[in-house]
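The data blocks that follow each hold one structure.
Each of the next two complexes has chain A plus one other chain: chain B in the first, chain C in the second.
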Partner chain A sequence: MSTPDESYEEQDEDSEEEEVEMTAAEALAKLEEAWLNEKFAPDLLESKSDLVDCMLEQINQMEENLRKCKKGDMRILIHRMEIDRIRFIISSYLRRRLEKIEMFHQEILHRDSLRKEDDPLLLSEEELRFAKDYADGVQSHFKSLVLTHLPQNFQKLDREKTAPKPDVDSYVFLKANRDQDQVLIEPELDDDPSAEVVDLVKDSQYIMRFRPLAPLVADGTVSLI
Partner chain B sequence: MYGDKALELIMELKRAAEGSLPAYNEDGVRQVLEEMSVLYDQNQADVLQEPSMTGGESLISAVQFRHTCLERNQRCLLAYLHNRMEMIKTMRWEFGSVLPPDIKNNMSEQESQWFNRYSKSLASYMRSLGEEGLDLTQDRKPPKNLFIQVRCLMDYGEFETEDGTLVVLKKNSQHFLLRSQCDLC
Partner chain C sequence: MMDPSEVEFLAEKELVTIIPNFSHNKFYLISGDIGPFNPGLPVDVPLWLAINMKQRQKCRIQPPEWMNVEFLEAKKQEEKESAVFEAVMNPHFMEMSKLLLTHAADDITNADEVHALIKDLWDIRAAKLRQSVDKL
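This part shows the complex of A and B:
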């Protein structure tokens, strides 16, 4: 029994909206990478909900196929183990995202509201609904227990000052997936000619600040490890 | 000293053993709120009394000091609530939507409300995943083995596994079952 190939639509990097056919194995590899990146990144990364949906469908299909198999077949056990593993990756990935969404909900919702039409989605539709509901809940909880009892000019919270923000300046371990020259590691010194640049060599590992790497993680040039 | 009571609240949470929730300190919160309203009134009085610059130097520093205390108290109160929410959230992931009574008793009424709301939105999020939903509170650890040893805690009777085999689950009997199926029981 083999896992059925599933076509998976993805936008090409040149944004030509080309549909890329992907095998189940490739989709799984993508999911694993997304999972590790999400796990180690201090900030919330782009939503990969289509990848998750695709793999969930895969699992269902695999389970369906397993049911058709003869009892006592060795392959059943192996495939079931694989299903368990994939399900763990998906759950762990989504859990990690929820954790960040809850922690930084003000910041993330604010960023989402600034998002332009064709920017990549930061949150999936369901995550957005959850984040909004969560933010509402926390706000009204704060209000009912403390804020309404405070003197007048202490009743409003300043998002800039009080909301927790992801520490994008923390250091992460990463591996380069391809050569990338001239990576500016201090983007805040963009105009400074003495700013430090690094050439990333394929398959080498580095420790760097997350902030300058964020776009490279998003386009798959580097993976966090 | 100003701010001591607020700090006391925070320390109380810090001291709490892991996996437990200390009782909601309504009294403590009220005392901090009272302290704040006293500080605020004093500040108001001083500001009204000294609208001009004449001789106000000493008053200004007092006002500033009180203002800082107010800000600190506000921050502590919110931190108190926030950290309790984090604890309650952990409970939701651990115990599911129904909490053991001893934890429930330690929550304030608003916290119970908040818990129910959180529990609901989490559940509806998990239902929306995939076609049939995905329970994220399961599969918390990477799967190592397909089968695990289980011991029955009570008489269950016949249990049909996915492949059709019947297992009789009697109290204190031990079995070697598929992990995915034991999660259900």
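This part shows the complex of A and C:
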């Protein structure tokens, strides 16, 4: 149709060189997996804000390049469609995380405060700010609405007793990305002594409780479906 | 938990073969390079792009090799005789068929029959699923 726009191609190669450890396509695949895992996991997973930032940067660069293209070029339409698809994944991913943060803000903030320096990030900076603001809002709302009208000794809210917690014992569907032997499934009830050991076979699908799987989801051994 | 539209979104990532009627250099998409396009030469593209091009009458879509009456008849028979789930041709065969049959029915031979067979296959599997849940 039109002669290839040189600046367009050069730029694209540049962006690939910048990402030494990961190509854009790999980052996108990782983000998609993170999105699905986050979607199906009952609990908030580790923050993947580096992937989100990386993809947003890619999108911005692409939009920059598109501005240089001639009008009516077929590429514009196609790249736009792809950008829209990626944007959808990113916003769906972030929305799902915010939902969970709203739901379990006390629990999540508590866990974040226990996090050690070199543990993986649970919340991105923005998410942490959001969680704190939200927690403050809810707190002051409770206070002004009910707590101040109660006798002195009822005015405290006990986090352990009142805060909703994610149900990590709910069942999830999962697919094994590689063989993993000897996954220990603890008994569901404390008085049930029979712990079970399961071998996961690559590409097989299972339905199990989320709790024993959480570390496997984090290191990518299994994907939730 | 998951919207049907989101499942469709995932299925749209599957590659299909199209026969373009235009020529164009490679597209450098973020998810990988596709093309180059030459009139009459088959090329693999993601489903979302294939459908978009089809709508703008830029290509014909070559149905996936499993999307024909003969293969599906055999598959249906196999599924019927087996007590467990048989491996399917593609994890997203249902969504793919729906999308292709809606947008590119004229590229699929015996589209109506294919449609019926896919639905049968789906029903058999759904029945098995119900049965195994009942047993649980």
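Here is the rule we use: the second predicted complex is superposed on the first by the 197 of 225 C-alpha atoms of A that agree within 3 Å, B and C clash if a C-alpha of one lies under 4 Å from a C-alpha of the other, contacts with A are read in each partner's own complex, and residues count from 1 in each chain.
As a working rule, contacts are C-beta pairs under 8 Å (C-beta built on N, C-alpha and C of every residue); 3 or more make two chains touch, one makes a residue touch a chain.
This is a predicted model, so every value here is computed, not measured.
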Chain C versus chain B on the shared chain A, clash or fit after superposition: fit
Touching partner for A:142 - first (chain B), second (chain C), both, neither: first
Partner contacting more residues of chain A (chain B vs chain C): B
Which of chain B and chain C A:25 touches, first, second, both or neither: second
Touching partner for A:88 - first (chain B), second (chain C), both, neither: both
First (chain B), second (chain C), both or neither touched by A:75: second
Partner chain in contact with A:62 - chain B first, chain C second, else both or neither: second
After fitting on chain A: smallest Cα gap, chain B-chain C, Å: 7
Touching both chain B and chain C, residues of chain A: 77, 81, 85, 88, 92
Touching residues on chain C, where the partner in the complex is chain A: 1-2, 6, 9, 22-25, 27-32, 48-49, 52
Partner chain B, residues of chain A touching it in the complex: 52-53, 56-57, 60, 71, 77, 80-81, 84-85, 87-88, 90-92, 94-95, 98, 102, 126-127, 129-130, 133-134, 137-138, 141-142, 144-146, 149-151, 154, 157, 162
Of chain B, residues touching chain A in the complex: 29, 33, 36-37, 40, 70-71, 74-75, 77-78, 81, 85, 89, 108, 110-111, 113-114, 117-118, 121-122, 124-125, 128-132, 134-136, 138-143, 146, 163-164, 178-180
Chain C partner contacts - residues on chain A that touch it in the complex: 1, 4, 8-9, 12, 24-25, 28, 39-40, 55, 58-59, 62, 74-75, 77-79, 81-83, 85-86, 88, 92
